[in-house]
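In what follows, structures are represented as structure tokens.
The following pair of complexes shares a single chain, subunit A, combined with subunit B in the former and subunit C in the latter.
Moving on, here comes the complex of A and B:
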């Protein structure tokens, strides 16, 4: 018997200990200690007055031209002190006249307490305020409260984020700059409200035209990394945060990671030029599908030729890209991808940021698929930063949402100027050449260059959808002297009658054309005729061959 | 050490026989408790428009009262403990009956009694006494001294739990019933009763769900994840992070009702960080571990049932508090022993600690022959 008792004691003791352990684990996971990325840490350190002052209105958020994006207004809030009511029925009937939505029986129940204050209506209009005072209701208390308002509604909702009912930031800039805003200081974003509006309009038009699931777009300064516009669809009205679905709240531009497909061939080509392992005269035979250990790499339109790097990019040949990668090797490839920041969470000033996923097993097949954008998932912001580094002369770019924030940081060089020049030429050919996949991105008067990408969509369970894809375009303008990089991504578009297929050339490229023609004038970029001619003439040295169309 | 081994005074004997490991752990808890109440009750005091350290000072007063209680209780021997427990239990049951007829209602529950400016909750005090008395009943029953211990045990359980349910205090009832089941389980009962009990507990829970509106609201709230307090409590944990926001700097505590009693763990998390929470959890688990270990190696049946029962009650109350703060179970207003503000809770915890310390004293298990030799050698 005593031994059984010992066993029972042991079991019960063990269960108690295990419960304590569970609670400890739960506490740690609730606190989510790793939630702050380095960017927010930096912001926190710079913010000397983390101490929250009372009665200071929360700071405003502005765009780069001091247009108001978020502000706090005073509202009147109605509550009632039941202890000061003599005639409960009369009070309720008076209230009912002004606020017909009040339920009398529930209110009567609420009033029958010993509490000193009951909140009735959080926000009343000035007219109601006057009516309540005129009616002479017993026990009413009207308090001034603050309300966060976003005048742009859905304009920059994913960037701005939101605050909870207690005025504490819960998402976006509101969360990461909470201390600063609580102290009444304003935040100036790098966002350009006009460009942001154009990006949202053009992108949403295209998404609904092609019945797509969603999309994202980023417009960024190629040198400073300042983001002028960042959009994610489906979007939501920032004034209606609590009623928005998770799908709407999700930031596809900075948090969602996607296999962006052929747009990454630009990186492969840039590495090829930079590593000097491949000569301009080197040709790659793309006439036959590549068979690598049970996997087959194919081209949509196989060319019966051996072609060079510019031709591979213009035709967007998977086989060619894979062959380049094979020649470069996994070590150099991954080294450059790491330098470009494609291994790390992007250091953007909002909490909604995604961590890329990339296959680093250095197998031949992985190296090859990564070269054309499969087996590597990144956010559209990552792609923008990489494209910017390729076309700005080869310097690393750190995207930012804050105006003038990274001006004095010395930039690291990733690619040489020559590589960058070569890449700009090729990107222009993708749009201007008759075999180019991005011809619909052409914007008359402005030299646009870039790369299309059509990738099979990844299933959450692993593997790829057969008939769902993600189309994207990344490029810069004016490509002879790049100022801005534009990246757009559209998730699962459906081909329509007027477009033959749901490829990036048909769906993503036209967005770029519309964007450039509309944003260039307001960003002060003029159509350049003389320089354009010189740039176009020097492109003639590239001989792009192809099957006769 | 200031107290010499050869000193034979009461204090010296007490010091050398007490389980100093447990004593240290209880002392640390009491100290942490003062800091937590300081942090959690300031806002409350401000909202009542009274001196902001009002509750802190009152809590320190309770601590000053409970220290002698711990000391006196830990001086008792087994016989005296039994006697005091049975007297205490009878008095508290009597007081609970008094409340039924003439009690003060706080937040929909009649569980407080007032005298000379102080209010207290007899049901808190009845908890530790009942564990001891029940252990006594069960021991008498097993040792077969012609005493129907099991019948007394069941009758007393029904009496106390129905008194608690009338108040209504569902949380305390659950703690008392669980502890009773545990003691019965340890004592050794036929399998058939265990099976009946495992069916009876869910039945009891379903019944309370349907008969008590506030229980229904809380369980529904838990299942839908919409409870206001819990959302604030969880935000406290998130906002505190590893190092906490600092004493008095907590933001979400202001929105936590009963922050200084039923949600004190969440306040600890917000203001002092997860580090202190883990330390608190460690201390509680060490107490449970130590006491279980002591009853594991002891051969006296009463000792085993009483010590492990008290510890189980202490542990289960702690666990319910922490689990409802972290939204692992529906909210149950349960104080955290020694850390929550409140006189009854503090004194009840002090009694638990005192009895635990008295039972685990070393000389208690000294057998008579050894004692004589010991005394002789001292006389010479």
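Moving on, here comes the complex of A and C:
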């Protein structure tokens, strides 16, 4: 008997333990496990059309002031399952009322199929969506899809790039930051939407005015290297990327390499000062053309004088620049060009970057022509970075399109502070002096300094076009304490009656004047103060001579 | 022979089982509500995103510039429109000292 009792007790105990264990397990499982599955199953069963998959949306792209440049929105697309249609004619007539552009014959052909789904309209408006639901059309399937949109249309389109149909970055920032954006993280660009718009407007006006093939412009902070605006023409609407031509998609500012002519004389002069091989008082006879082997180097406006470095830059003398380069020699010249990054592709955060082409044979003629920008092809971004290094006190600048990305990076010194100061003075003279080639860059109230460049356009097959040129201007403002560098390039402008000639002084320099006047207030740069008057007064020490002597 | 404590245990288990059954459906109902709220949040976020894109489309610089020029007769700022605060103070001093009178 006691054994039976023990057995009963054991069975009861086991049942009780099993019950408690089951209840305990279920309590825990209800609390933690399959938290969403049950609920989502219920929602799916109740409402299949409006169910949205819980996925991470592609991150947004903003300008430096958090203005939205690229985002992803949900759109509805319309498909139809022909197998679920009982009355095809009625279905087509209902669809025709909502979407009048539908071709009834083609649609009838389409739905006479054994397929289970046919895509009808890729993108429908919220109103059409409601109308379709109200009409109660058989076999209709409305799917939610993602669409990348660019609210600024063509604003900064070359920087933003684009995504393919699957939402993968294919160009520009969209491609370079694809992983980050795919993980839902945002990208904050260094671009300033307002400044970008002004650059785009002013540059495109000038390109139209001179019936040019295209152009490019860069506005960059001289110390941080942050690019505030970068434009390339012809441009395109980022929302119509796939319909744009290769010519429109080509980024002339960062990928196109050009011989930018006399703007390179700034580098030659800076090297001359830095190498200490040439004194400011040294004179170079520019009265006769230079004959080097079979080539003749001459000036547009031949001066019957021996002139110094500031005069060579102000008059933009090819002969003077070539003579400086001859004295410096190819080794020093190429060493500095390399230091300035003109041998390498620029490390910009977009895939569309061009590699410079430089003749490095160290021949006398090559050294001489490189000194005034022939035989060296670089991108406008390269020229901006080099100009920034010349005027920011001599520190190397790495251009960037990302806000605050290079804040804590120590910069290498290329030129001394003295060289930089000297160059800023000379650049101001190019704009302010009566003989300066960049007088039309003057922006009343602001101190602008820079250098013009007019060069024959290089043929793709080699050699130069006789009647096509590239005009450019690179400079900084306010040149006494530079904050920004501006570089513009216009490709093959046609001289107009009012412009007399198609030179940079007539075509590129006025762009700088308009740009500075409009962007300076936005960028917090005040018009002239006592400091700037002091800067202007100290320029009187330079005696720039001209033709009348 | 089954005693009262054993009965109590059995009833206790039945009570807990029924309670758990009700809790399960209560939780499920709440989870459905939560999922629907999450879905509404997602849809609202999507609507906000569309509105944000539309707002940025409407306030794009080229449109604002056109409106400012055409409707408000505005023009770009010129250097003469910008004053230093110190200049304003000194002007005030001049007025106070009666030099302009």
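We take it that the second predicted complex is superposed on the first by the 491 of 549 C-alpha atoms of A that agree within 3 Å, B and C clash if a C-alpha of one lies under 4 Å from a C-alpha of the other, contacts with A are read in each partner's own complex, and residues count from 1 in each chain.
In this section, contacts are C-beta pairs under 8 Å (C-beta built on N, C-alpha and C of every residue); 3 or more make two chains touch, one makes a residue touch a chain.
Computed from a prediction, not measured in an experiment: that's the story for all the values here.
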- Task: Examine A:444 and indicate which partner it touches, taking first as subunit B and second as subunit C; both and neither are also allowed.
- Result: second
- Message: Comparing subunit B against subunit C, which has contacts with more of the residues in subunit A?
- Response: C
- Applying the touch criterion given at the start, work out whether A:71 contacts subunit B, subunit C, both or neither, answering first, second, both or neither. second
- For A:20, is the partner it touches subunit B (first), subunit C (second), both, or none of the two (neither)? both
- Query: In the superposed arrangement, which partner chain does A:347 touch: subunit B (first), subunit C (second), both, or neither?
  - Reply: neither
- Task: Using the touch definition from the top, say if A:28 reaches subunit B (first), subunit C (second), both or neither.
- Result: first
- Task: Figure out whether A:526 sits in contact with subunit B (first) or subunit C (second), or with both, or with neither.
- Result: second
- Message: If we overlay the two complexes on their shared chain A, which of subunit B and subunit C does A:12 touch? Say first, second, both or neither.
- Response: both
- Note on the structure: So the subunit A residues that subunit B and subunit C both touch are 12, 16, 19-20, 23, 26-27, 30, 35, 52
- Query: Touching subunit A in the complex: which residues of subunit B?
  - Reply: 182, 185-186, 188, 234, 237-238, 240-242, 249, 251-252, 255, 269, 273-274, 277-278, 281-282, 284-285, 288-289, 292, 295-296, 299, 304, 308, 312, 315-316, 319, 322-323, 326, 328
- Where on subunit A does subunit C make contact in their complex? 12, 16, 19-20, 23, 26-27, 30, 35-36, 38-40, 42-43, 50-52, 54, 57, 67-69, 71-74, 149, 151-153, 155, 193-194, 196-198, 201, 444-446, 517-518, 520-521, 526-529
- Residues of subunit A defined as touching subunit B within the complex: 1-2, 4-6, 8-10, 12-13, 16-17, 19-24, 26-28, 30-33, 35, 52, 166, 168
- Query: For subunit C, which residues are in contact with subunit A within the complex?
  - Reply: 2, 6, 9-10, 13, 16-17, 20, 23-24, 27-28, 31-32, 34-36, 38-39, 42-43, 46, 49-50, 52-54, 56-57, 59-62, 65, 76-82, 84
